Amino acid sequence: MDTALLVEKSILILILFALSLGIAAYQTYFERKVAAWMQDRIGPNNAGPFGLLQPLADGGKLFFKEDFVPANADKFLFMIAPGIAMTVSLLTSVVIPWGPDIVAFGRTISLQVTDINIGILFIMGITSIGVYGIMIGGWASNNKYSLYSAIRASSQMISYELAMGLSVITVVLMGGSLSLREIVEAQHGFNWNIWYQPVGFIVFFVCSVAECNRAPFDMAECESELITGYHTEYGAMKMGFFLFAEYVNLFIASTVISCLYLGGYNFPGMDYFEGNLLSVISILVLFTKIVLVIFTFMWIRWTLPRFRYDQLMGLGWKKLIPIALINMVITAVVIAFTRGWFN
Amino acid sequence: MEDIRKYDNPIFKATRDTIEGEIATLNLGPTHPATHGIFQNVLKVDGEIILSSEQTVGYIHRAFEKLAERRPFNQITPITDRLNYCSSPINNIGWHLTVEKLIGAEMPKRVDYMRIIIMELARIADHLVCTSVIGVDAGALTGFTWVFQLREKIYELYEEISGSRLTTNIGRIGGFERDFTPGFHKKLQDFIKTFPKAFEEYDSLLARNRIFMDRTIGAGPISAERALEYSFTGPNLRAAGIDYDVRVMEPYCSYDDFEFDIPVGKDGDTYDRFMVRQEEIRQSFKLIKQAYENLPEGKYHADVPTFYLPPKAEVYNNMEALIYHFKIVMGEAPIPAGEVYNCVEGGNGELGYYLISDGGRTPYRLQFRRPCFIYYQAYPEMITGQSISDAVLAMSSMNVIAGELDA
Amino acid sequence: MSRSKITNEELLNHLQTAFGEDIQEHNETYGMLNVYVPADKAKEVVKWLKEHEAVKMSFLTNIAAVHYPFNKGKEIEVVYQLHSLVNNVRLRVKTTLPIENPEIASIVDIYAGANWMERETYDFFGVIFKGHPNLKKILNMEDQEYFPMRKEFPLEDQTREDKDNRFFGR
Amino acid sequence: MESLSNRKKEVSNKEMTFLESIYLPAVFSGMSKTLKHAFRKPVTIRYPDEQREFAPVYRGMHVLKRDEQGRENCTACGLCAVACPAEAITMTAAERKKGEEHLYREEKYASSYEINMLRCIFCGLCEEACPKEAVFLTDRIVPTNFERDTFVYGKDKLVEDVDNRVDITKRQNTGKRGNK
């Protein structure tokens, strides 16, 4: 195996790891700021300039809290649940193409940890494992509210993954590949999927809100009913892990939305640039899109009331899945016609 | 720890039964984010569906009725503050009206109008908190913070006239302790100018949003007949479709000088209660506007020197005034013996004071008819067969306030 | 001032024709009619008032009890305040009970809302409502053995000096 | 049941129009409103740094006033203690001795005057009861502490400083037409 490749990938992995955690930490800050703006407040402002050191302070606080296991909890599962949640959410970022190739040190470096040809399936698969973190955590706490949360979270994840998968199929049809890199490449310039698949985009977006367990689909948490649900009994860094996992998930979901529908690192007028300059701009463009999508997630959270559990399931099964199915069929037929498969 | 895991330990047995059986016991309260205040509901649930519920109240019982038997009449006002603390001016003024009915004092029009302004402000504050908390329990926090800006303005108005914000102790037997201050006039004019726009913005955030409508329609309904059986009053009764309002049925404080409607709902569910309260806020605002525009000139207190403290300047110079001053403060004012029931339309409904005076320094018996206490007992009936999420919303839309519940 | 569609005299006439001698006494305080009935008739009167098609006294405002320690044999007075929403008239039905045996029939089967009102009355005065489905203390502790609103339990003496000011004030 | 007041107004409309039933218009209109708020000036006050202006009649920590010559006004009549619904005020009266005329205005004075701030409910009845213009509530706030007994405020904390007077003229005059 090529040593340079190993070094290159290791560095990329490290960067991604740090980046995910850093972005997750700063999302907590951003979320609080967004909430504050919408509620005519100031938000965190005392730790550092504009309160920018707030996430560090929070993290530090979480580290030094008493680590506490309830008496009747299943200790082993109680311990590993946050770990599962965290690991799984960090795994997803490996298949995401962060930008076009960079040429450095005489090598062409791909800004993707691995370009497996079933990238999308990988993401869907890994995120569905993510529910185990919540489920095990909720069950092991031996708290009825946590148990409710676990039940709600698992059924919600399963049902929304269906609609999500169906809407992804349309994107796959258009890109003609399951590899994220190829899907992104197919949206060159301003040729983004969202223009062709607005319905699919909305379905996918709604499903990712649900998959991330965020309002208005935060059935697993809903503090007014289940007292923050599966992490009621958690404290210290174990709870921190859950929170981090949630925000990493949010980051990854935004990235996937950007890649699948918003053109990934593509932007109009990208043909005027080339080489490393193009790569740098592309990365910046991708991150701008991610930030905007994250903002939208938060914007929605601080605007809408949440669904009731049965209404949520109804929406998933009776509305989103049929819409996604019809959308898929229409897309397939149109693509078949335009590409002349019937001739 | 070993002990608790033994099967015959009742705690553990309850847990085991819950896990292994079909029906679980779920403890909603005493401290749960949805019980705004301290009271407990022990629910029996099958999955998410509530089969039955048992309530425990009395966590903050402060023996107000007993306490009132030891306090002179003017010292009971601060006690009433703490009944429904979301709208304490209504409680205060309701108590003053009761004593005034007992002593037969006639109020000048200006006092009536001032009282209406203060009471309707309090009603707005009370309803705003209630409706926005429905939003909070449904997961929409932003409206709540917007509404609190409006409530803050109302609290500043209280502060301008009484000096306090939450437990106002506003007004005195026989009128007000002071006239509307210049600061009050300024802030009230500003309030009248800015309130409708801000309120409608908040209203449009929730009222016609499908998610909110789906959540609230059908949650915790009660029919008009059952509501009457349970002696419901106020917005909760009106949500069931009965337009009973003390302000119209037995007008006090010159309420019959004003034009306002009584909003009613249809099925008595959470959405009806929300909409009725929202409309009542608009009607209250209309009342404030009318009362403020027609505020008559005159004195800010009635001419009852034996019950209303004389101005300080006279106390220093006038013997008679000094004697009255001492008598009133010592609680030796000549209160007649008698039996009075007086009620006002509080934030939650008919707030009644059943007062028996034996002519002594203190009431012989004072009972508060606390609307919360009376309608909260219907809660199990309202939520049976509904899901936990509905129960939470039904509770916040009933506006159960622990201070009023437990007295 | 009065907006009632039925006057207190008419109300009293209705009651007297229906119950005759059972209306032991009546008076009017501040525009509200009080009628005194024997304890064993109270429930019947309340039920009759609710069902009578002209009176329509179908709203229970509250139930209160008062303790008069010097009225021998009728120390506890139970007061039902009723309200006819349609006729907009109020009425107090009063009945007296001896303190040794304060028993009266529960009206929970007539008014569901009487449930907690009766529990509260029991809690404070010890009035036993026969036929009540769940007559337990409501606001006070369940194991409290006395009934605190009775006059023999005064609030503590305000002149006592053995208390620590840090915790109790005077 | 028929209308009791003839002012009935039915307000709750549970029928959804098609636009309302597809979620999105309400979602977008709600989001536009929250976004508008995002660009508004925050209304909160950064508390310890900035302080809100109190109303002139605010009921905060008490002060025991001195007169123009620096003598204590209080004559220990006990009216405030009687008027206090929370029973928070205690005092001991003492007779003024010769040579103390510059300290106390009347022949009787309070040798000790204590307000238990944990009991006090700041209702303002003591201020109203005082016939000597001695006790007033002010717009100062009782500071927090960890020890219960530090909340029993004696004369050392309540009586105003001779050189550093507490201004209460505003609360005396606001809204009181009958007053001087």
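Labels A, B, C and D are assigned to the chains in the order they are written; within every chain, residues are numbered from 1.
One rule holds for everything that comes next: contacts are C-beta pairs under 8 Å (C-beta built on N, C-alpha and C of every residue); 3 or more make two chains touch, one makes a residue touch a chain.
Source: prediction; values computed, not measured.
**Q** Identify the chain whose mean C-alpha position lies nearest to the mean of all protein C-alpha atoms shown.
**A** Of the chains present, the most centrally placed is B.
**Q** For chain B, which other chain has the most distant CA centre?
**A** That would be chain A.
**Q** Between chain B and chain C, what is the gap in Å from one C-alpha centre to the other?
**A** 24
**Q** Where the CA atoms of chain A average out and where those of chain C average out, how many Å apart are those spots?
**A** That gives a centre separation of 63 Å.
**Q** Mind checking the centre-to-centre distance between chain C and chain D? Centres are C-alpha means, answer in whole Å.
**A** A distance of 39 Å separates the two centres.
**Q** How big is the gap, in whole Å, between where the Cα atoms of chain A centre and where those of chain B centre?
**A** From the centre of chain A to the centre of chain B is 45 Å.
**Q** Of all residues in chain A, which are in touch with two or more distinct other chains?
**A** Residues 38-41, 302-304 of chain A each touch two or more of the other chains.
**Q** Mind pulling the residue numbers of chain D that touch at least two other chains?
**A** Within chain D, residues 1, 4, 27, 30, 33-34, 37, 43, 86 contact more than one other chain.
**Q** Enumerate the residues of chain B that touch no fewer than two other chains.
**A** 142, 146, 149, 205, 209, 211, 242, 244, 249
**Q** For this structure, enumerate the chain pairs that meet the touch criterion.
**A** A-B, A-D, B-C, B-D, C-D
**Q** Using the touch rule from the top, collect the residues of chain B that touch chain D in their complex.
**A** On the chain B side, the touching residues are 71, 74-79, 81, 142, 146, 149, 156, 159-164, 167, 169, 177-184, 201, 204-205, 208-211, 213, 217, 224, 239, 241-245, 248-249, 260-266, 271-272, 275-276, 278-279, 300, 309, 311-316, 322, 325-326, 329-331.
**Q** Which residues of chain C touch chain D once you look at their complex with the stated criterion?
**A** Going through chain C, the ones touching chain D are 85-86, 88, 158, 165-170.
**Q** Flag every residue of chain D that touches chain C in the complex, lowest number first.
**A** Residue list for chain D touching chain C: 1-2, 4, 81, 86-90, 114, 116, 119, 148-149, 151-152.
**Q** Can you list the residues on chain B that touch chain A in the complex?
**A** By the definition above, chain B touches chain A via 1, 4-5, 12, 15, 18, 24, 26, 32-34, 48, 135-142, 145-146, 149, 205-206, 209, 211-212, 214-215, 387-390, 392.
**Q** Tell me, which parts of chain B touch chain C in their complex?
**A** 57-58, 61, 63, 65-67, 69-70, 101-102, 226, 228-232, 242, 244, 249-250, 338-341, 343, 350, 352, 354, 356, 364-365, 367, 369, 373-378, 406-407
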